[in-house]
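What follows is a set of structures for review.
First chain A sits with chain B, and in the next complex the same chain sits with chain C.
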Partner chain A sequence: MKSLLVIVFSLIIGGGGDFPDANEILKKVDENLMSKNRITESKMVIYGRRNSRTVTSKGYSEGDTKSFTEYLSPEREKGTKMLKLEDRLWIYSPSTDRTIQLSGHMLRQSVMGSDLSYEDMMEDRELTEIYNAKVIGEETIEDRKVWILELTAKVDDVSYESRKSWIDQERYVPLKEELYAKSGQLLKRITLSQVERLDGRWFPKKMNYKDMLKDGKGTDFIIEKIEFDADIPDYIFSKASLKK
Partner chain B sequence: MILAFQLAYRNLMGAGLRTWLNAAVLSFAFVVILFFNGLLDGWNQQAKRDNIEWEYGKGQLIHTDYDPFDPFSVQDGHGILPTSAKENLVPILIRQASVYPEGRMLSISLKGIEVPQEILGLPTDLLENSKADIPTIIGKRMATSANLKVNDELLLRWRDKNGTFDAKNVTIVGIFDSNVPTIDNGQFWIPIKKLWEMTGMEGHATMFISEADQPVDVPGWNFRSQEDLLRELSEIIEMKKASSSIMYILLLAIALLAIFDTQVLSIFRRQKEIGTYISLGMTRQQVVGLFTVEGGMYSIFAMVLGCAYGIPLLLYLSATGIGIPEASQNMGVSLADRIYPVYGIVLILGTIALVVISATIVSYLPARKIAKMDPVNAIKGKLQ
Partner chain C sequence: MIEFLLKGILRDKSRSLLPIIIVTIGVSLTVMLSGYIRGAMGDITDQNARFETGHVKVVTRAYHENMDQLPIDLALLGVDSLQEVLSTKYPDVQWVKRTRFGGLIDVPDENGETKGQGPAAGMSLQLLDDKSGEIDRLNIASSLVKGNLPTKRGEALIGDDFAHKLQIETGDEITYVGSTMNGSMTFKNFVVSGTIRFGVAAMDRGTIIADIADVQEMLDLFDGSSEILGYFNEGVYNDDKAKTLKADFNQNLDAADEFAPMMLTLKEQNNLASYLDYVDLYSAFFVGIFVMAMSIVLWNTGLLGGLRRYQEFGIRLALGEAKNQIYKTLILEAILIGVIGSVIGTAIGLGITFYMQYEGIDISEMLNNSTMLMPTILRSKFTPDLLYIGFIPGLIAMVIGNALSGIGIYKRETAVLFKELEV
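Up next is the complex of A and B:
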């Protein structure tokens, strides 16, 4: 009788599934995606109503707090540089030879007309720091078995009250993410693909950001070259490097 | 002097068509000056009336951190006013948000206003009576640019006080027709209580519209009187007046040039007459006066002629108004679809004085030559 009670109790508490701990999953995801620093060469394909355009850039980042991006093409954006230090963001435009610091409303503007806002790029806190995570099920995405994680904000100052994340059960890489408003309205969807083994870790080389309230195919972010734990000189992450 | 007027009148009437051509050109300039200034005065009066009715009330109490010309100040430019100071004030809270009509994203100013209120012309009773979850009223310009109509529902995305996104459908319960674009373009109006609830900013306001004339003195808030708020508009219109004056100054210059030419020709051709006047005992100055009065009298003729066709024309235009193209109404300045010119007494007397004085001056300039003439040669008709 006692053992039966234990089984019933554990079924109620455990929700009927034998899913792994969500925080453990997130930790393994971080191990794959995070690095001390990295240098990337990437292209951003922005799909418009009639045509699409491609912006290529080279980016340096150190931890979550420092990053520096230089746009290489098209001609109009060439030479534009962006520096992020902690929660501050500066943009240098070669046409005006001016550096401006973005703040407030400007951070909510889209980056180069894409579905990403500057603020989306600024979010640097670890997910486990701002969300309570729980595994709510499993599914198959493109023949890969995934855990479905539900993340609910545990702090007040987050952009998205809740998220859902589909994590590859073998490779611990997210394959899909959905960002929700407080009302439960789906706002953004991120689809990750082209997962490859790079320097002993699994890494998605293509990401599609889609503002779900707008028409269109969203924005593709494709990594062409990536180097983990490289030597990045300190001067890269200084305001002086914007004008170089 | 009476003799000078009699002689001038007789000479001008005797000149026939030449006189009437000069007077016609001058009268045209006179009517155009009146019309243009009347039109701008009419615009000024209408814009002031509309701005008071739709935007300014009797004055505004604005949070010190909020600058209406700086959209970046919306984020932090708000606060709570002590209850004791809230009398006769209607609160407005401004937040930035996005709406998604037909799959496009539009950035808007989401404005919460107290309902009911009677200071501004906004049809806030529609918000009060609506059963929609988030009722909203918008202006005709916003409705046209986003292709929206009454009862349309569309998704609104905003952030609460902590910066967390939220999104819900809003219902358009009314579209108002106002000449003031600054309360219309890119704006959605909802009840302030709803906005407080949506953002968690209970009691906060960006500005207050005052129902009373007297200034409200509260630390952290600036009171801008109605007069102060209207000053910018008056300055814009004064600038417009100055720039449009170039056109009628040119027109006036052509008319005055015609009078000048006529005077030069008269003095040249009427040398015997000048000599006769002097030999009959008139002083040179009297003869100069005679010719000046003659030239100046063109302006009197121009007034009479201008009144003959100008009064009915200007009265007609002030009754029917002048249609303004729709594109011009989105310039950001209050501009009605029809402007009714207003002709004030100062404007009319000022224009009369301008035409008479300038015509007299240009008549006097060539007449000065008479003072240097030798009367003997003049009476002989010798060219000088």
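Up next is the complex of A and C:
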């Protein structure tokens, strides 16, 4: 009788059943990370085997269907622009004065030699919209308690079939993510840091993307300035703005 | 004695016709197949050397580890001085710079927007440098389908099938999209000066060929190239010479520097070593099986012939001819039949080999999705060893067959011969 009480008590206190609802956690993450639109100034530090380089850009995005990025430096990249409308992507190259549309497997190629693919840059849908979530445990990362969420795609047109997210239990932002292919192979690992309170939400300003199929230290994506729900003129998301 | 035996062979067709036919078929098959295998392997080796591997190749150690991915970021730097050092140190080898690269070819419409695009397998050569010999080495001039060779910077050749697919005409402008050695995105417009078809499925699929200076600029490969290829002045690959060259060059290799240049031989690339060894092994195996099978058939034929000549041997023994003597004449007869069959077989085999040297077998259907560097038509090749490669086994098989069947002669008891022969 005594041992039965111990079992029941331990199930109530620390058993597997006291995890919060995973979809609720994901919803709170979306509330932090998503916005109607945003203007971002960022830099990418790409660590190569021979050298490292920094690429700066200014990006505009609206919902999950429209985004526009202009590369500001270095000189090689300056003036290169990218426009994403729905699932189409155009790149403008000032040196050739050409607008090139990318599609299909080309979208899985690396952006500017970084560990991010065009698909990574383009994917901006709410997590609750594309994944089913399940809490599979908890851990501590950098002295912060996190939930470990296992996300499985519920739509077909998703870049990664499944992912594991380590979500900060207080601030509801991911601190680490692992992205998997349909085969179960780990494709990318993202480490998120410099979580700051911005416009009433928690937001990680530094992300290290590591393509697990490549050697090296990965790519740091650092947000230097971010403005949520800004006033973005419509012409920004038009093909005419590429040649401007 | 030989004349007497020859008369016997020619006059008694039942004694010689079947063994001669068997030896002829076996020898001609051996010569024909050996000639075809040599030709096909020679073509494959030559094709690989010309397009990809060189007779020897210099790359960085890091590039070598990931060679299949064409990692431009791990290319050789300071190639002009390295090429000069190689030319001075090894003057009997011609050294050329090449860079292979991947990317995308985009074809614009009248508004400069994408009309069509496809993946590109690019190769940059010292195209505008007459002394490099690259145009002859790759048979570029004779592989032109339309247009002309590039005569100035900014011009490129593209694969004819690729041009068809993307509806590109000579004089059209196309844009290459790819990554520089630092990973930056790079775009470059080229004018298509001509279209090309090498007859190598893996090359014809998405080829773009441009001058190395254009590509160095396009990929930020200043004074760099992904590889330096060496070709022996004799024009033929020599594995021993390649190994010696490699050992000499690599003895000073800095093990700590992953970008130090290292040399590879042709056989060390594209799995050619195992491929060539595999073919050699199977060729030897094939000849061995042929000798064994033919010996068994000829043994059987000899036994049948022996039975048919039972009475003849009996009379010869009864007349006092020694068993050894009869056995010797039997072997001599086998040698004569073997020589006749092998000469006819070798002549037929060589005839087919010469025919196949010009006609070949078209295997393009099988190579549609192949990434291996193989010619679409495999041809036979005459080599001096074909003169004896079937001849010797043919002769040996005939002699072994008859030697085995002739052993029966020794079992005959001279004492019972008259009874046996019912004389």
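Heads up, the rule we're going with is that the second predicted complex is superposed on the first by the 225 of 244 C-alpha atoms of A that agree within 3 Å, B and C clash if a C-alpha of one lies under 4 Å from a C-alpha of the other, contacts with A are read in each partner's own complex, and residues count from 1 in each chain.
The criterion applied here is as follows: contacts are C-beta pairs under 8 Å (C-beta built on N, C-alpha and C of every residue); 3 or more make two chains touch, one makes a residue touch a chain.
Because the structure is predicted, anything quoted here is derived from the model rather than measured.
Undergrad: Look at where chain B and chain C land on chain A after superposing the complexes, then choose clash or fit.
TA: clash
Undergrad: In the overlay, answer first, second, both or neither for which of chain B and chain C A:160 touches.
TA: first
Undergrad: Under the stated touch criterion, which partner chain does A:97 make contact with: chain B (first), chain C (second), both, or neither?
TA: After superposition on chain A, A:97 lies in contact with chain C alone.
Undergrad: Would you check which partner chain A:20 touches, where first means chain B only, second means chain C only, and both and neither mean what they say?
TA: So A:20 meets neither chain B nor chain C here.
Undergrad: In the overlaid three-chain picture, which partner chain does A:137 touch, first (chain B) or second (chain C), both, or neither?
TA: Touch status of A:137: no partner.
Undergrad: If you stack the two complexes on chain A, which partner ends up touching A:63: first (chain B), second (chain C), both, or neither?
TA: After superposing on A, A:63 lies clear of both chain B and chain C.
Undergrad: Thinking of the overlay built on chain A, is A:46 touched by chain B (first), by chain C (second), by both, or by neither?
TA: The second partner, chain C, only.
Undergrad: After superposition on the shared chain, which partner residues are touched by A:183: those of chain B (first), chain C (second), both, or neither?
TA: After superposition on chain A, A:183 lies in contact with chain B alone.
Undergrad: With the two structures fitted on A, what stretch of chain C runs into chain B, 367-375, 385-393 or 403-411?
TA: 367-375
Undergrad: Please identify the positions on chain A that touch both chain B and chain C, taking each partner from its own complex.
TA: 106.
Undergrad: For the complex, which residues does chain C have touching chain A?
TA: 62, 73-74, 104, 106, 108, 112-114, 117, 175, 177, 179-189, 220, 258-259
Undergrad: Of all residues in chain A, which touch chain B in the complex?
TA: 103-106, 108, 153, 156-161, 181-183, 185, 187, 211, 213-216
Undergrad: Which residues of chain A touch chain C in the complex?
TA: Interface residues on the chain A side: 46, 48-51, 53, 55, 74, 76-77, 80, 91, 93, 95-102, 106, 110-114.
Undergrad: Show me the residue ranges of chain B that touch chain A in the complex, using the header's touch definition.
TA: Residues in contact with chain A: 71-72, 74-76, 96, 98, 100, 102-105, 155, 157, 159-160, 162-168.
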